[in-house]
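Okay, structure first, notes after.
Letters A, B, C and D mark the chains as written, and numbering starts fresh at 1 in each.
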Amino acid sequence: MAEHLLEVRNLSVEFHTAAGVVKAVRNISYHLDRGETLAILGESGSGKSVSSSAIMNLIDMPPGRISAGEILLDGVDLLTMPANQRREVNGRRIAMIFQDPLSHLNPVYTIGWQIREALTTHGTASAQARAEALRLLTRVGIPEPEHALGKYPHEFSGGQRQRVMIAMALALRPDLLIADEPTTALDVTVQAEVLALLEELQQETGMAVLIITHDLGVVAEIADRVVVMEKGELVEAGTVREVYRNPQHPYTRKLIAAAPGKGEMHEPAARTAPVLSVRDVRKRYGAFEALKGVSFDLMPGETMAVVGESGSGKSTLARILLRLDEPDAGSAHWKGRDLFTLSPGELYKLRRDLQMVFQDPTQSLNPRMTVYQLVSETWIIHPDILPKAKWRERVAELLVQVGLGPEHMGRYPHQFSGGQRQRIAIARALALEPQLIICDEAVSALDVSVQAQVIALLDKLRREMGIAFIFIAHDLPVVRDFADHVMVMRKGNVVEFGTVRAVFETPREDYTRALLAAGLDPDPDVQAAHRAARLQRAS
Amino acid sequence: MKRILVLGALMLGSALSPAFAGSGPIKIVLAEEADLLEPCMATRSNIGRVIMQNVSETLTELDVRGDKGVMPRLAEKWEQNADGSWRFHLRQGVKFSDGTTFDAKDVKHSFDRIMSDKNACESRRYFGGMTVTPTVVDDFTIDFKADPVQPILPLLLSLVTIVPEETPLEFVREPIGTGPYKLTNWTPGQQIVLTGREDYWGAKPEVTEATYLFRADPSVRAAMVQAGEADLSPSISQLDATNPATDFSYLDSETVYLRIDHNIEPLNDVRVRRALNLAIDRQAFLGTLVPDSALLATAIVPPPTLGWNPDVKVFPYDPDGARTLLEEAKADGVKVDTPITIIARSANFPNVTEIMEAIQAQLQEVGFKVELKFVEVAEHEQYYSKPFKEGRGPQIVAAMHDNSKGDPSFSMFFKYATEGTQSGFSDPKVDDLIKRASAAVGDERAKLWSEVIAYVHDEVVADVLLFHMVGFSRVSERLDFKPTMATNGTLQLSEIKIK
Amino acid sequence: MTLQTTDTALAEEPHFARRMVRMLLADRFALCAAIFLLVILVLAIVGPSWLGDLATKQNLRGRNAAPFDWERGWVWWMGADALGRPLLARIIVATQNTLMVAAGAVALSAVVGTVLGLVAGFSSARVNQIIMRLADVIMSFPSLLIAVIVLYILGSSILNLMLVLAITRIPVYLRTTRAEVLEIRERMFVQAARVMGASSKRILFRHILPVVLPTLTTLATLDFAYVMLAESALSFLGIGIQPPEITWGLMISQGRQYLTNAWWLSFWPGLAIILTTLSLNLLSNWLRIALDPVQRWRLEMKGRKNG
Amino acid sequence: MIPPPDSPEGAMLRFIRKRAVASLISLVGLIVMVFFLSRLTGDPAALFLPVEASAEMKAQFRELHGLNDPLLVQFARYVGDVVTGDFGESLRKARPALDVVLEAFTWTLWLALVTMTLVTGAAIVVGSLAAFRAGGFFDRLSSVISLLGASVPDFWVAIVAIVVFSVNLAWLPTSGTGSLLHWILPISVLFIRPFGIIVQVVRGSMIGALSSAYVKTARAKGVKSGPIIFVHALRNAMLPVITVIGDQAASLLNGAVIIETIFGFPGVGKLMIDSILQRDFNVVLAAILVTALAIFLMNLLIDLAYALLDPRIRH
């Protein structure tokens, strides 16, 4: 058998933590050949990034420890290599790009400097490095590359930063590129562009790509083969199509089933008297116009999705509706009263009706309060809702309602998983018995399988309790199964508004169409078709 | 009565036989920087130590090494006129360091300047309660008329530094004087340099140049002389004075005492005051917290002073006697249990805290209730000087008094007369005695002062006199110099010999 | 790298106090520091009534007795001071005043500074400006000069000393707290509390303060050392605690003049200050790790190994 | 949602102006406070004149220096004079107070500058190396040394240093100014405490920076340890360090009273304490003004240093 470019054999890594020794990966093996793309698919906590860190020698020891296995690059074990040789491999033979390029680029040096460093570290003369950096930036499609070399990471958009990372990684034409969730925080349209760039470059250089992702769509778009990981173990491996069409492991099946955007769409009832009526809301931050006149109506008990990419003003809208920010102009009538003109006292009463669930439950729950304290705090603030004697009982009820148990009452947020934390946040919102809950990217930070569960929970609450939702998301498939109406926003304007079916099946606006097209489908065949169509449009 | 003091220059001249003496520059390290070099402030010790008699000279000078009393300096001789005024015959051929010639007009101006209200000259204080009018007789003769008549006017004029006629009334920064040195460098905070004058009227001193340095910490000063960075430190700590070859002690004219406020019960009772005196074991302090060579005080002025009374005896250490006295007083209804506050000034003199703590302990031993309070200089002054605060409790102020002038008049009125600013009592007999003594001359004067000292100590029991302090100096072995009682306020470079 | 253990960390953690004790046992330096401080604390409480008389009994003839004279009672092991009082006894008696001044000053400045910082960080721009300018004024006012002026006006007593030292340290807490509040108030859980209708007071004291507290605790332990040294510096200048009250700082400055011929007078109290501040520093370093969930494993790992 | 940046220079000027106004307010507050507080501490006449001075002499002294007027009149007069650049005369020294202060401040400035430069350099190297192998032997050693440094009374060290290095070994002059050698002891003693504190801060900040994502990127690029510590991590870790350096420098600029006293160093700290001791109010006020102004300028420099180190702040 021909030697693989990279072969991971029986790798086990463990970490010392507060909860004892955690075996992050257990006895995993996979391989990769030149020109090939392998995806490692897994959710948070699956250990999918650990093996790549081991390859790059990025595991801090302690607390980490590689307890067994070998990593062969062209047949040579990286783990037993002397330190200076090992360092030479990084950047020259294997390069890596990361999720969140903003924090992975050094904020205090220009990108030109950082790209040049990648070259000079491995012996390129500095004059040559300068020319090469310019060539690379041009290649990855940064506008005005000459000028861009002197700029700092924070002066670029998210997509451009990832392009810079790619330029830096590919500076020495490595044999292998490891991409750890390279598109996760990016807007869908940008994600498509970055993935396309990676593919192009792979074809140019013939390098192997190891892509680590939680997103089936990404796998379908770019990978040749996929390995699936769960809780530190490799549960399934095969070609992308094989795995999607014919998953063997129950976990893989669950993962595929959880992918959003395949259920029945809602058919909203006829529009009656709106419970919330928003007219011409405007907001500027200095010279930046965040909202340029937004108007809409929300019916009682209905779910309205607000979709848009970063900078569209969707989060500003949420904050203004809850008076976390003050609008510059406009009105928002809630049951006939303008939210924007309420006195603090009136606003305090109204808080009961309007609640919010935030994007990141890790941050929206006070880390120093127990679940009981978190939920019951609402009744301390609004003492007339419930007598203190009944608090414990009611907290238990609410926890059951959101799918947790009464026994969780005494624990702290950090003892829960992301999905569980979001359930706590929802329980807290429910404690006030609100009539409208605004969810700001409430499921974006969650794993796909958890996302589906939380959305199902919200939908159940809407049905059972008649709560209206404004559901803010950057991702269209997520809202497809859940929303009654969809409002698409772009740069502070409402681009399109309609029923979910109208928006998904007969989008009127180019922008909406572009958003839909850029979304990645978990089905490799569907995605291949999308791609073909896209390429055709491009040419 | 006319009294004529005629002292020729021959005495000064005879001292000048520099046969084997070396000469050269020296460095002197002082504790406190001279913030001014104003001649009329030379009576303040930190200033006087630098310029008095070195840069600025006076008409007369007190002999602190021998017992010659008041000696001539810029005045060659003086006599009292029939009307009680004094006539001074000035030395001729004396030049100021700016080249101008010294004459009687300069003397008059110097005196007028001190008395002017355009400045805050400190020397003025010695002329309080009298009117002194200088009159120029001719270029080298000047009369001083005082009302009331001042028998010690020649002594008082040893405190008046002479500046040229042109000197403005406001403070100057460049002292011009007739002395053997002139100021050649003054870098505030760092050093002052005096350089010998070629055209000095008198004998040329061996020290050609003196650099003054300032260090607040006594052990640093001692270390500097030891390390050769300085040749002389007039004051070092007793603890550092361990090398007999370089370290000398000297009686430094400071007297430590406890001023008693007689106005407040129980301190208004003489038995209580006597008990205070008997309760303190003065002898135990010597060689421990107070240098061995310090003297136990029986007067507010040190022994070489006129009228110092050898017959007055130090109170014995008699705790039992003290207890008995206290009980007697108590039996008579004196509230001896009232807590008495001793107010002392932090860093007033070496070991002040320890000494006061020890005194407190000794007083408590015999049954006094004593509290100790340390305050800083400004607050101390409020307790020490009149007007005293209304509604105060019984208070004792620990203080240190300096009189190196040889005459008790610089002390007695202030400390013991009814009108005295630091006097804690009022006794008509004391007032009368002080008045008479101040006006008297000669043996009569000495006798009267002796009487005051004895009466205040034995009858009034005015205060608790403790120690005449000694200072310690470190003198480099290349110098030949013995500090004197006056060293606190005057450090004449001409007295320093180089081996 | 971050550990992705969010899902596996569900395991019940032991009770807070037990966990702290276990972590303390894991760090030998911190443990020694804690024991030392405990001893100091006990001495501070019982010292004056236990050894008060012995520590003030003078004996001029036995002054500056040298240390390590094992023949005499244990209180004489460190020698005697300039009035012949046993140094060890005096150090023990002085513990109370020393700790009282330091703890009082630290507590006062921490409370006032923190409250002002919370208010500054959370109120209108105008209030913020006023408070910050006040802090600037104190900051640019040399601390020894404030101390001298205030002590001159108010007189030197333990209480005033505490006050003075507290005033000079207020800006430290104020600025730290304000900076943290400005950051924390933008956090999601604060927004969440506002959405619930929580009052500013509630947000400040229930939500923000607990998050700032560990930083402040660390700061306060470090400041403790600073204040003790500042107190001794004031004594050096002659405006600190006045005898017959004693503190370590005063003992050092009184013994300073004997440094060349009776070094023990200032050495032992100096050592007491050094050991105490060192212990506080060690403990605060430990505390910083123990309270930081990201760093905590270092101690817990060791704890398991040792235990 | 960052507003589009206008020119960085314009922003910088606006920032400086804003800071200047804020500092002016503080400065005025400071002057008001010092003026009235210092006058509460007592009468300069009692201190300038000997205890035996008569009441008339004291009254005349007060009259001469305008101390008899109501406080508010004195204050108005003072403010009027200061506005025209006249900071009054020193009572004690009979010279313009500002001259006295500037003379002393020059020494303090140099002392602070040299000390802080040395401290910063040494603390950065030691702190960074300690952070790189956190928990290792060097880390332990440096933390014990720095903790010790932060907890030793400085006058104690100063006197022992003089006894050892000047008297016994005779390597260095005991005190004073003059040659470069004279600077060694005071600087060494002043060095200790800020060094102890800054090493700790550098270490803490570096541990954070070394575990950051961009260091991971650098390691993935194959960058060596040296550049990772001193090029990648250090510049990022410097922000909190600079703040602490600023605080420490500020306290040095305010004068190292004790060190100045012991070493006979003619700095502004001792001047301030001496002046308040002597109730020489004009000098106290001028000294406070000068040091506060210096501290303001230094804070401005620190803000500029921030901007220099971190491009994100430039906008």
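Operating definition for what follows: a residue touches a chain if its C-beta (ideal position, glycine included) is under 8 Å from a C-beta of that chain, and two chains touch if they have at least 3 such contacts.
Source: prediction; values computed, not measured.
Where touching is counted per the definition, the chains common to chain B and chain D are C.
A simple rule picks the central chain: find each chain's mean C-alpha point, then take the one closest to the mean of all protein C-alpha atoms, which gives D.
Across the two interfaces under comparison, A-D and B-C, the one joined by more C-beta contacts turns out to be A-D. One finds 47 Å separating the Cα centroids of chain B and chain C. Chain A and chain B have CA centres that are 88 Å apart.
Chain A and chain C, compared by their mean Cα positions, are separated by 45 Å. Contact with two or more other chains is made by residues 58, 60 of chain A.
For chain D, the set of residues that touch two or more other chains comprises 41-42, 159, 163, 211, 216, 261, 277. Residue positions of chain B with contacts to 2 or more other chains are 219, 376, 378-379. Taken together, the chains touch in the following pairs: A-C, A-D, B-C, B-D, C-D. Those residues of chain D that touch chain B in the complex are listed here as 41-43, 46-57, 60-61, 63-65, 90, 92-95, 100, 103-104, 107, 159, 162-163, 166-167, 170, 173-178, 261-264, 266-267, 271, 277, 279.
Only residues 1-4, 211-214, 216-224, 227, 232, 235-236, 309-312 of chain D touch chain A when the two sit together in their complex. Note for the complex: chain B touches chain C at residues 218-219, 237, 239-240, 242, 284-285, 288-289, 346-347, 350-351, 353-354, 356-358, 360-361, 372-376, 378-379. Residues of chain D that touch chain C in their complex: 22-23, 25-27, 29-30, 33-34, 37-38, 40-42, 135, 143, 147-148, 150-156, 159-160, 163, 211, 216, 250-251, 254-255, 257-258, 261, 269, 272-273, 276-277, 284, 288, 291-292, 295-296. Put simply, chain C touches chain B in their complex at residues 56, 58, 60-61, 63, 82-83, 152, 155-156, 238-239, 242-244, 254, 257-262.
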